[in-house]
Structure formats: structure tokens, C-alpha cells
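Just so it is clear, A, B, C, D, E and F label the chains in written order, and each chain counts residues from 1 on its own.
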Amino acid sequence: MSIWPVLADEEMAPSARAVLDDIRAARKTDFINNFWRVLANDPALLKRTWESLSEVMGPGALDPRVKEMLYVAVSIANSCEYCIRSHTAAARARGMSEAELGELLAIVGMASQTNRLATALQVPVDEVFAAPLAGRPEPADD
Amino acid sequence: MSIWPVLADEEMAPSARAVLDDIRAARKTDFINNFWRVLANDPALLKRTWESLSEVMGPGALDPRVKEMLYVAVSIANSCEYCIRSHTAAARARGMSEAELGELLAIVGMASQTNRLATALQVPVDEVFAAPLAGRPEPADD
Amino acid sequence: MSIWPVLADEEMAPSARAVLDDIRAARKTDFINNFWRVLANDPALLKRTWESLSEVMGPGALDPRVKEMLYVAVSIANSCEYCIRSHTAAARARGMSEAELGELLAIVGMASQTNRLATALQVPVDEVFAAPLAGRPEPADD
Amino acid sequence: MSIWPVLADEEMAPSARAVLDDIRAARKTDFINNFWRVLANDPALLKRTWESLSEVMGPGALDPRVKEMLYVAVSIANSCEYCIRSHTAAARARGMSEAELGELLAIVGMASQTNRLATALQVPVDEVFAAPLAGRPEPADD
Amino acid sequence: MSIWPVLADEEMAPSARAVLDDIRAARKTDFINNFWRVLANDPALLKRTWESLSEVMGPGALDPRVKEMLYVAVSIANSCEYCIRSHTAAARARGMSEAELGELLAIVGMASQTNRLATALQVPVDEVFAAPLAGRPEPADD
Amino acid sequence: MSIWPVLADEEMAPSARAVLDDIRAARKTDFINNFWRVLANDPALLKRTWESLSEVMGPGALDPRVKEMLYVAVSIANSCEYCIRSHTAAARARGMSEAELGELLAIVGMASQTNRLATALQVPVDEVFAAPLAGRPEPADD
């Protein structure tokens, strides 16, 4: 049982239902997963979360498969079962192979190990890593 | 000051120096960053860590730039300054653009947000996400 | 199945039962939740935990509803399902509205996002934030 | 040295400068802290982060002091030095007393302790905490 | 349902089965727990993980009971239910008493509390703790 | 600069100074590290923290060296620099060798890796690990 109920369409406020319509249109499917149906209890939170997510995960420099793989990696590090499952499904749907998933897992495991070693030993940052970015990023403007 | 000293080549055990030689050969550079020089205080730990890392980050299904970006994402989630700096440098060296870094950051931020929301609300996993993988991965053998 | 059994009153040591009596008196209810019944396997740990908790969550400068909301926020960040559920219930019992819970969730999500961005980018602390507290807190004595 | 440079106004893209103008107007001060000056390297990320933040931290059911205190609590749990410092300053500016900060700290410490104990012992959730919310929240519509 | 299936011996690649044979020989039992049966979907990841684990947890300066207790403590801090359960079982099998488990839990709880307080207050490291190790560790060579 | 000032003895409330006297007596040294001098700004928090800590770290079933090593392991997992440094120093003072520290680090790294793998793959808990403790712990009474 979730903290807020999983709302059916007809149980939510009109402003929440409008967000679900956006999600359906963007994803080209009628299916809405539970995350959005629970967030729908707070229409403003639902709307803000969906708008940010669709902007972040929309077309850009990285391909959608890589974006979902990054999402999975963070979700593992944050121990979120729901997010691990939903974004692994999304990554597979965008073409991630099982071999790629295996490499992702190996990297998450390896990084978790060296992250702790570097922290445990308080390794000083090498000068070369702390140097300013040579030639700051050209202002990416819309 | 790190917990163990940053060892110069001549201060370490021969077995540790041998690992540094491997790192130099693999990376085609004489430069060895502090992480390895601190680990060198425990030659067995140094050797095991380097061997696993070079296997995990070596050639595979994912390209090296994506591998380093996954490493950065996990290092951020684990709050490891040293690793954030060293692997951001490595990702840039492997071709990550500043626009790609911007997308990586946006994904790490977004995932951290929805990870907490899903956990906070205890959203039940949709049946479709918990379903068994249709057609298990063909045994990937060497 | 928990790591230690959920003890009924008659299964625990007298010193553990005495703590449960304190909890019942303080909370003005006979109901004791599982957390305490599992801790009762180690009476000293039970006693110390209850005494600290009742001191920390007792009357003070902050009102009880805000205290429970802070408890919920930390429990989300630490991914503790049991604590999220028990302290959300406690916060509601102390008057937290669903609109307030929605704002709490939005803040936890937002902070998790900007926490990661500030860490990822290694933003230098502004001088104004690192400045000493003007006029140290007057010694709050009992 | 941050991962991206701390940009002066004249170094950023016009779209980033426009966001800084919004921040100045909202906060009624000319001072812009480093977090925003570093994010300004990616104008879209800057804009989205500011818009979400100002919506989340704006007027609502909770008072601004409590909102900032929740932000501080999460930032501590996530080990973000920058955010701890900037939001502790913000909470003080909104009226948090040092006694209230002391209670916040005590709660963060206590919750971190019981979070780990409940997780360590795998305490089963009591039926009463998993029960559905009696009377779901009335649709809060705008 | 796990992300990858729990493979029976006859469903895995020969190279994975060979690792399971090693585990059985090392542990002197036919029983293989699910962790290894799921990892078996990626034979290289399985092999590397088992080899590192058996090296790390094998004979050394610390006794096996203490090694497993350290493993449990980290698993609690990382909120991994599977690992908490499997390594608590392993620690008990290696002689950890329930009184020792109680002390372990008390330490994990206490450390989680003071870790957050030190971070929250940004306590400056005392000079004496940052001092170099007097007499660096003699090179431990094989 | 810490969030609260590092107080000299003569700057603190008498009730805080009394706690420092207890610490000095228990540790048989005049030196008081910064953690306590910062906590001294809130005498009640100082007193409760010290009393719990001295009880938890005092004589018991585990030897003091092992207790400090568990403290270090948790502090690494929680990324607390101050605590890593102060408790590594304490563990060394109680007899931890550098070889033991190396094993501790290897275990923390290994556990961090398998914790993430088990979480990532959502490995189902084996029945044998979820079984009730055969013969509950005899009530340990004072």
C-alpha cells in the first residue's frame, strides 16, 4: 500500500488528468505506470515532475538508450527498487542489450568500490584533475 | 594528508611497482595519479583493484566515453570528490562534450529527485516492470 | 521475517518490558509497534534508543508536527521504508496535512537534485556562507 | 576549482543572464551565489533548476523557515557541504533560532540511527502503518 | 522476480558452471545462494566477483567472524536487504554471538548519528588527526 | 569555519564544561577534539551524544579495536571525512595494524560492490536467509 493511493483517471483532479493526457501523447501509449498515478494526488508536483523529466530525457546530445542507462546507474546507487525496475525496462525498450546491462552493472559495482577506497584513504586530488577547464564551454544558447 | 602516504616509486614494494608498470603500459603514459600511489601501500589491494578496473573499463559492448560517463554518475551519487574529478577528466579525454556533461548532470539530478519520490511514496511496482525477462539472455560465453 | 524475532511482552527480559511500560505511559496507548518489539531482544539497546528518542522528540523549540516532518525527510533520504511509514503516520497524527506532505516531498526531491548538482560541479562555497556566525549562540543552559 | 567555471555576468549566454535577473528580482538583492554562476554554463539546466526551486520554495502551506529546515536536513543526509552551508544561512535568515537548529541536528542524528536499526533488523511494517489513508486527499486543484 | 533470472546449473554457460564448482569446493557445500545464480547470467562478472570476494574474505590478519561483521555493517549503511541477511547468516555461522550482533548494531547506529552531526556542523579536522602516519607501513609484500 | 564555533572551555556553558570533564576523565587525557567543542554549543545534544557514545564504545563482547574498526567502516560508507580520520586514529591507538586496515578497506570496497549488484539485480532472498533464528537470543539482562 503506497503512502498516497494509486489513483484511477476518474479519481484525480482535472489538472492531474491533463498531465496524464500529456504523458500518453508523448509516449504514444494509453498505459500510465503507478509512479504518475500516485503523484497525481498532488497535481502541481505531478506537473512539475513530468515537465522536468520529459525535458531532461527528451532529444539531446546523448542517445535515449545511454540516457536511460545513466538513469538506471543512479537509481541503483540510490537504492530505489521502483526506479531500477522501471528504467531498466525503459533502457531495454530503447535498445540496451543484456551485454550492455552487464557492463553497466560492472561499472556501478567498480565505481562503488573505488569511490569508497578514495574516500576512506582521503586521497588528495591531483593537480591535473583540479585544473581549470581549458577554454570554458562556449555558451550553449537556445 | 591522506590516511596512507602517497608513495613515490622508490618507496613502494616491488610487487606494487610492478602494478604501476602495468598501469603505465596500459595507459601509454608515465603519469600515475595519487589514487594508485596511495593504494600502493597495500600491494595486494592495489593489484586486485587495478586488474578489476582495467577489465571492467576495457573494450566491450559500450564505448569508452559512455563507460566513463556512467562512472561519473555513480561517483556523484556516492559523493566522492576525487572520483568525480578524475573520471570527469577521463570522460572528457574520451570525447565527452560539455553539452553531454550537462545532460549527464541533468539526468543525475532528475533521477535523484524521482528516486526519492518513489521511495517516499512507496509506489508499488507495476506488474509489467516485475515480469520475467522474455527470453533469458543467451549464455554469453568467452 | 526480521533478523531478531518480534517479541511478545511475555517473551522479553524484565528490563525490556519496563521500557515498553515507559513507552505506553508516554504515548498513552497500549499499542507497541514492531520496532520496539524487535529491539527488545537487546534490552540495553532498546533502553538507550527509547530514552534518546523521547528526549529528542519531546517538547522543545519546534512543534511536534515539524519534528516528525524532519524525521520523515531524513528517513526518505536514508531509504528506510519502515521509518518512512511509521513517521509519516506520526506526522499525520500530529496534524500534518496532505498539502504539507506534498510540499515536504517536493523539497526532499528538489534538495536531492541540487545536492547532487552542487557536488557534481564541486561548486566553491561562497565566502558569505563560510563566515563565522555573527554573535555565537548564547550558551543555552538547563 | 569547480568542474565548470564560476561565470561572471558578462561571461554567460544572454539566456543565462536572464535567469540571474529573475533570481535578483525574486530575492531582492544583487548578490548571486556561486551555485547559479556555475550552473550558468548550461543555460537550460540553470533555467529549469531555478524555476523548479522557486516554485517549490515559494509561498505554500509550510512556512519558509520550516521549508529551509527540511532542505538543510536532506542536505545533511546527502552529505552536500555547499547545500548545508547555503541552506543553513537561508534558514537563519528566515528566522531559525540556534535552539531550533540544535533540535534539527538532534532529529537528523536520531533518525539516521533508527533508520539504520530498522533496516539492519529488517523490522516488518506494522499493519497499522501500511493501511490505506482513510479518506484519500481531496483533489487539490489550482 | 529478479532483473535477470535465477539460473539453475543446467541453464548457465559452462564458464559460469565452472565458477559455481569453485564456490562449492571452497565452501564445502552443494548449496549455491541466489546471488551467484543471478550473476551467472554474465559469466565474466560472476567470475571476477567471486575471485575478488574469495580473496578479500579469505585467510588474513582479521578473523573470519570480524570480516563478516564488517561486511554486515557496510551492508546496513548501504541499505542492501539481501546482503544484510546473507552476511548476518555468515557471521553467525562463523561464531558471532547475538550479544556481538547487538554491539554491532549499536555501533552502526551511533556512527550514523555522529557521522551526520560532524557533517552537519562541518567540524574542522583536528591537526592531530590529519598528521602523517608516523613511520609509513612497511611494504607488505607477498 | 564550522557551522557553530569551536568553543574554548571558558566560552561554554557550565553544563557543557561538565561533559568535557567527563570526557577527560574517561579518556585519561586533557585533549578534547573539535567534535565535542562544536557540539558544546548545544549542551543537551553534547551530553546525550557523549553518554550514548561512551556506553556503546565501552567494554562489552567485542574488543575495542574491532569496535573502532566497525566505526571506521560505517564512517566510510557515510562519507564522513572527520569521522574517518578520528576513528582511524582511534583504531590505530587501540592496536589496529596497517595490514588490518588494508583488509578493512578491501571489505568495505567489496561490500559496496556486491551491495549494489544485489540491489541492481533485485536478487530474491534465499529461504535459508529469511528463516527465523533457531532459538531466539536468551534475554540478555543486566
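The rule we apply is simple: a residue touches a chain if its C-beta (ideal position, glycine included) is under 8 Å from a C-beta of that chain, and two chains touch if they have at least 3 such contacts.
Just so you know, these numbers come straight off a predicted model, no measurement behind them.
Listing every chain that touches chain C and chain E alike gives A, B, D, F. Among the remaining chains, those touching chain D and also chain F are A, B, C, E. Judged by contacting C-beta pairs, the busier of the interfaces C-F and A-C is C-F. Homomeric contact chain B/chain F is classed as different-residue, with under half of its interface positions used by both copies.
On a Cα centroid basis, the chain most remote from chain B in this structure is C. For the pair chain C and chain D, the distance between C-alpha centroids works out to 19 Å. One finds 34 Å separating the Cα centroids of chain A and chain F.
One inter-chain figure worth recording: chain B and chain D are separated by 28 Å, centre to centre, where each centre is the mean of the chain's CA atoms.
Residue positions of chain D touching 2 or more other chains: 1, 3-4, 41-42, 44-45, 48-49, 52, 56, 76-81, 84-85, 98-99, 102, 105-106, 108-110, 112-117, 119-122, 130, 137, 140.
Within the complex formed with chain A, the residues of chain F that make contact are 72, 76-77, 79, 81, 84-85, 105, 108-110, 112-117, 119-122. The residues of chain A lying in touch with chain E in their complex are 79, 84-85, 88, 98-99, 101-102, 105-106, 109. Taken together, the chain C residues at the contact with chain E in this complex read 3-4, 41-42, 44-45, 48-49, 78-80. Within the complex, the chain C residues that touch chain F are 1, 3-5, 7, 11-16, 41-44, 48, 52, 55-56, 130-133, 136-137, 139-142. Considering their complex, residues 1-4, 6, 31, 33-35, 38-39, 45, 49, 52-53, 56-57, 60-62, 66-67, 69-71, 73-83, 85-87, 89, 97-100, 102-104, 106-126, 128-130, 137, 140 of chain D touch chain C.
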